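The two complexes that follow have chain A in common; it is paired with chain B in the first and with chain C in the second.
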Partner chain A sequence: MKKSVEAYTLEDRKKHIVVKEKNKEQGIKCDQHSISGAVSQRACVYCGARVVLNPITDAVHIIHGPIGCSSYTWDIRGSLSSDSEMYRNSFSTDLQERDIIFGGEKKLAGAIDEIVESMSPQTIFVYSTCVVGVIGDDLDAVCKQAEKKYNIRVIPVKSSGFAGSKKDGYQAACNAIISLMDDKEYKIDIKDHRTLNYLGDFNLAGEVWILNNYFKEIGVNMITGVTGDSTIEKLKKAQNASFNIVQCAGSSIYLAKMMEERFKIPYEQVSFFGIQDTANSLLNVARLTGDKKIIRDTEVFIKQKKADIASILQKYKEKCAGKKVAIYVGGGFKAISLIKQFNELGMTTVMVGTQTGRQEEYDTIKELAEEGTVILDDTNPTELQKFIKEKGADLLVGGVKERPLAYKLGIAFIDHNHERKLPLLGFEGAVNFAKEVDLTVNSPVWNLVREG
Partner chain B sequence: MLENTPKEITKRSALVVNPAKTCQPIGAMYAALGIHGCLPHSHGSQGCCSFHRMHLTRHFRDPIVASTSSFTEGACVFGGKSNLKKGLETVFEIYNPDVVAVNTTCLSETIGDDLTEIIRDTKIPEGKHVIYANTPSYYGSHVNGFSNMTKAIVSHLVNDEKIIENGKLAIIPGYVEPSDMSEVKRILKLIGIPFIMFPDTSEVVNTPNTGKYEMYPDGGVTVDEIKDLGNCEATVAMGKFASEAAAFELEKKSDVEAHTIKVPLGIKATDDMIMKFLELTGKSIPKELETERGQLVDIMVDIHNHYHGKKVAIFGDPDIVIAMTEFAISLGLIPTSILTGTPGNAFEKQINEMLEQAGIEDAKVKASGDLMDLHQWIKNEPVDMLIGNTYGKYIARAENIPLVRLGFPILDRVGHSYFPSVGYKGAMRIIEKISTAFLDKYDMECAEEDFELVM
Partner chain C sequence: MNKNYVNLDVNPCKMCMPMGGSLAFKGIENSMILMHGSQGCSTYIRRHIATHYNEPIDIASTSLSENGTIYGGAKNLKHGIMNVMESYSPKVIGVLTTCLAETIGEDIRGIIEEFKQKKDISCLDIIPVSTPGYGASHFEGYYHTIRNIISFYNEKQAIPNEKINIIVSNITSADIREIKRIIELFQVEYVLIPDTSETLDAPYKENFTKIPDGGTSIEDIKQMSGAKATIELSVLIDDIYSPGKYLEDLHQVPLYQCPIPIGMKNVDSFIKALCTITGREIPVSLVEERGRMLDAIVDSHKYNGEGRAAIYGDPEIVYAVTTLCNENGIKPMIVASGSKSYKIRDLLKLNESVVIPDTDFETIHKYVKELKPNLLIGNSEGKFIKEKEGTDLVRIGFPIHDHIGAQRKLYVGYNGSLRFLDEITNTLLDIKHHGYRERLYNEFYVNKGGNKNAQL
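Now for the complex of A and B:
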């Protein structure tokens, strides 16, 4: 295995690839910009901001820039809403050549006028894109003026694509959210110790709803998901929570920290992917309330839920055990969750990569990984193909761009990103996950794929 | 999702709601994929490249690969020169393509990177090629991007000197599916016409499954073929918006006569294409094509009552919409709302002429429109069917009308990259889709006593 990495041509990339060896200090190079010319699977600042904010259902999201940025992010996230569908529309200033020359502020102000006239929104997010950052439109000024004119919130999101990485986009989104939350009118004096916000879940396939049902069962009150199935009003009430829990840390830990600072709300990182993580996290939530009854009820609830799904999971485990998995996802935290989840199904992870994982996450991955597992940072299709083949993976977990690659290689695929159709969270999600793994890994189509 | 669309139409000049277009670079990327052994390169932020690849991947369900200059703040201040130079070095070192096709983005255009100068200043390995097109996202649409890259293929790779007549036709198929390109090639072969098609994405973005991933699949026009384009007898450019510019460039450069026709979608446009082929080559029409045309007419006659007199809205890319409108009229459908997001007066002019000729009055026709325009029109003047890309599904659902998927992108169905919409066979397929969409809806919704076995 080691030899194949050595044989890889590009020197710069070698430090981003590690093959796990026991009892050996092995650092991985991560948290770096991609090198120019790489076929990176990564996105930009704007993309980061957009995916975090877009699930706010009753807001209007105006993309200030040429049309592309708006087109490509139109209703792509698969976040579900229990109420307004406003967020699923695409609004853009569609900047033209003359706007680039003379500035786009007037057009933006005009676009806000037109949308207020036709749709009367209460809150508008205005995203800046690459070109807006370069021509120097004063987003703050235009937004402020519109707020005054219409007495609504118009919040600028500083998300010029080149100004950092996707992570900076997450931060820009978090800044926008916190500015929205900071509304004294919604502040209550005495907090209920049982109330929380659930950060870093975007309600893909209705996952926030599953968790909300659990919370109801154990007697905990969720003010809102952030931003999954959230509304402006719910986000303004979020400041009244006694504590926050954070699922996707990459996108939302920054917000949790700001909320701690500004509203004195402590936070804890959780994971509701996989049975063990779900159980631990639920117990953690219960303990955070400090309420003995809730802790007891949660223990009973977990026991019950585990019992409910045990037999069906066993059935899937029998069908999936022994298969080998390659993982390539956005953040490190999800990768960690997935490794554990595959372990629960008796499957071995042979390759793990992330687009934007942090050093400490890679350390955890290394601890969890079996000897010989390939660990990759910010990889590309060529490397993915190479290691999938070499390690004999039967299944790839990834996003949009990885799906056809897996299929061409004749191996199964699961989207653990925007295109997931079944909720993969919690106990139900663990079953769905197993079901999806079984559906793809054990499909008869693989028998037809000629060996390359 | 569209419950907010007001029926009352107010004038908008600054705000686009639910676009019927996207930006130039993705079109350039698609055109570049039609060159064999080509790696498209996006000179801009990482996000652009990622979005374009994602979108094309979703449409074709094949791996779409492209590299990027990965702009940072530094690049914006000091220019993207070093990013592109380093990028090209990296690309040739690791990915070893025959050609790199660079497209610009709104960012690199705005900071004023001079690609000609940068690329002249870059060491390109022996036998390799770099071509480039200016594709600012703030001008035109993805169709212009396709057109610009197709033109760049001619500008940068065709030999200047006419060496020897090669007796071939240069064929520019337009912004269509790989299946459509294959179909045009099949027709050319049936008639016995030698040709060079460019760009040609067939077997690049609809590759067979072999259990192996090929970064550079078998398909695509080769650099040698492109070099030879200047020796062709004439160019047939399909679709004014996507293909004409390249044809004119070839005429200017190598004196190859340019002929622009419609995208051969529908019976009349296919007839026109074949007549053009015959006119340029002196060949005669083969029996097989006559039979295909006869079968098409037969199916049109057999089920004309399924759709005659129904009102239809058509939207998407101008070349496709123009041809589809013509076809719809010949089927007896009544196009009442016709829209493209791509700018260009030629669109409205051509559609209005067709409608006038057909005696269809009061139809709404618009270039540079968006899907909110279209939805509002439909709210005011209901239609029985919508023909367009996947984004039409929101309107279709809101208004309970069937959507026949045609054009780019199609993100929620399969088939488009394998079965053609052009040629007589393609026309039959479109009729099948239209008829099936009407009848399926009827079968699900009609009263019990109206539910029939034979239709």
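Now for the complex of A and C:
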């Protein structure tokens, strides 16, 4: 196995690949800019910012740049709303050649004027894309002026695609959110120990709602998902929570830290993917309230929920156990919970990679992984193909771009991305997940494929 | 007004130039694409294409960072070419620029020349194409790239030959197979570009190769300047982007421009061009296919007569679909495209329809609300309007993200036009049949007092 990495062609990539060996210090190179020509599966800073901010349902999201950046990201994510549908529109300044030469500030200011006039939004986010970063438009100035003129919030999001990676986009988004939250008018004096915010969930396929239903059962109070199914008003009230919990750390840990600093709200990392993680995290939430009754109720609730789904999960486990899995997802947090979830189904992970995992996350992955597991950072189709074949994976978990590759290689596939239409979170999600795995791994089509 | 807003495009009905460039290169044999710019553009474009075709779409990026943006991306570009060579060993690398590379003024030709002098790459062609996203839409980018590929290989005029050049628009893989079948009925040799019939609809093989089989071969492209004639399936593209125009102006290859052969008249003009160029009669089998189509459109004319359509998407597709609708009595209420092909107004001469080039979905939506068509015909980006207004959508064009199999649907030729027309007609029939008992019951019975008259 070691040899096979050495035999691999792209020299620059070798340090981004590790084959787990027990009792050995093995660092992986990560958190680097993608290598030119390596066909990275990553997106850009702007993409990161859009992931985090876009689910704010009643805000207007203006993409300041040429049309492509807006076109390819229009309503592609599965974030659901219980209220406004404004966020599903893609507003672009559609910069043309003359704007690139003479600057796009006027066009942007004009765009804001038009939007205020036609829809009078409370808040507008203005994303900068690559060229805007180069032609030197003063986004801050345009936004500030508009804020003054209309007495609304117009928040610049510095997300020029080249200036870092998706993570920098997360950070830009978190900065935008904190500037929005910091509104004294919404501050209350006495906090309720049962109130929390749920950070790092974007309400894909209604996942925030599922969790909120659990919270209602155990007696805690969610102010808002951040940013899943949030509104400007809910985000402004978020400062009144007693504590924060963070699901997707990669995208939202900065925000948690900033909220701790600014509003003295402590935070804890959680994961609601998989039965065990869900149960642990719920208990954790209960303990954070410090309320004995809530803790007791939560224990009962978990027991009940587990019992409800035990037999059905057992059925899937019997059908799926023993299969080998390859994982390639965006963040380290997701990869970690997937490894655990596959373990719950009796499946082994033989390859695991992330686009933007952090060093600590790779350490955890290494701990969880079995001997010989291939660990990859910012990989590409060539490597995916190579290691999927070498490790004999039966199933790949990934995003939209990886799906056709899995199918061409004749293996099963699970979508675990922001476009999903099926909730994978919590107890219900665990069942859905198992069902999905079964659907693809045990489909009769593989018989035909194998027969050729 | 083309758009509801002056300074904004709301819900775009177009994509950017490198998208068109990518689709063009995907039809060239043994080729790989390297986009010069930042990482995001290539990833988004890959995602957009992959979801439509359900095929792996590998496009490399030079992943420019802040440094590359300030000091120039020459190093990245050279490095990128090396890495693509190593992991894909293609025969052709298409280098497409993005907005970023263009804005910082990268001289990709110069950089590539420099690279070639230092490295021996005699078995590799590197074709630079300038495709700034802000320059024009994917529609222009597509033809512009084909034009550049052809001119790259035809600086010197080829030896005159008997082949016909066929330049296709962005149509489905199945469509390209059908066009080849039709040409083969005329028993002539041809060069079709870009040929995505296999590359973007590849059969399952035991040994998957990263660069799919198929595509227009370099040898063939090199002969295009000596061809007998060119048929370009486009009537709306500007001369400066037109590959056929290049071959005509520089190499005196006679040019025949026809619409995409969808709809009776459009197929006729394609067939007529083939007859004129080859000097042959229409093959018997095509005469039969035409007869069958004629028979079928008579069968369905009354159903179609109730159709009122909003047609949108790429200009060429929109043009062809509009003529098909017109022929069959389906009223084109709204004819829209995001690209700036204003020519469509003059060509269609539709006084009673809203014809809007250079528009966005927000504006199309407004007109749909106003004019209440009962059909949307276009790509899947119309899903928003479908969802909000409940109007049925018949899918054609690119992208189609919410259905499977877009690449193997047939639209061209008499057979394809008929299949597509049937799809439209059946959608209209479903609308008619859906709930008609209840509708009539309400209209003529309940609203007129119910069974009062029966109370004797």
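A few notes on this one:
Just so we're on the same page, the second predicted complex is superposed on the first by the 449 of 452 C-alpha atoms of A that agree within 3 Å, B and C clash if a C-alpha of one lies under 4 Å from a C-alpha of the other, contacts with A are read in each partner's own complex, and residues count from 1 in each chain.
Just so we're on the same page, contacts are C-beta pairs under 8 Å (C-beta built on N, C-alpha and C of every residue); 3 or more make two chains touch, one makes a residue touch a chain.
Keep in mind it's a predicted model, so treat the numbers as computed, not measured.
Aligning the shared chain A places chain B and chain C in steric conflict.
Legend: residue contacts after superposition of the two complexes on their common chain; A:86 is shown touching chain B, with no touch to chain C.
With both structures placed on the common chain, the touch criterion links A:100 to chain B and to chain C.
Of the two partner chains placed by the overlay, only chain B lies in contact with A:119; chain C stays clear of it. With both structures placed on the common chain, the touch criterion links A:382 to chain B and to chain C. Within the superposed three-chain model, A:310 lies out of touch with both chain B and chain C [touch as defined at top]. Contact with neither chain B nor chain C is seen for A:188 once the two complexes are overlaid on the shared chain. Contacts of A:300 after superposition on the shared chain: neither chain B nor chain C is touched. Across the superposed pair, chain B and chain C both touch chain A at residues 9-10, 33-47, 62, 65-75, 88-97, 99-100, 107-108, 110-111, 113-115, 118, 129-131, 133-135, 161-164, 381-382, 385, 400-401, 403-405, 407-410, 449, 452.
Partner chain C is touched in their complex by these residues of chain A: 9-10, 12, 33-47, 62, 65-75, 88-97, 99-100, 107-108, 110-111, 113-115, 118, 129-131, 133-135, 161-164, 380-382, 385, 399-401, 403-405, 407-410, 449, 452. Against chain A, the residues of chain B that register as touching in their complex are 1-4, 6, 10, 12-19, 21-26, 39, 41, 44-55, 57-58, 60-73, 75-76, 82-84, 86-91, 93-95, 105-107, 110-111, 136-139, 141, 207, 209-215, 341, 391. Within the complex, the chain A residues that touch chain B are 9-10, 33-47, 62, 65-75, 85-86, 88-97, 99-100, 107-111, 113-115, 117-119, 129-131, 133-135, 161-165, 381-382, 385, 400-401, 403-405, 407-410, 449-452. In the complex of the two chains, the chain C residues touching chain A come out as 4-12, 14-16, 18-19, 34, 37-41, 43-48, 50-51, 53-66, 68-69, 76-77, 79-84, 86-88, 98-100, 102-104, 132-135, 137, 202, 204, 206, 208, 210, 362, 381, 384.
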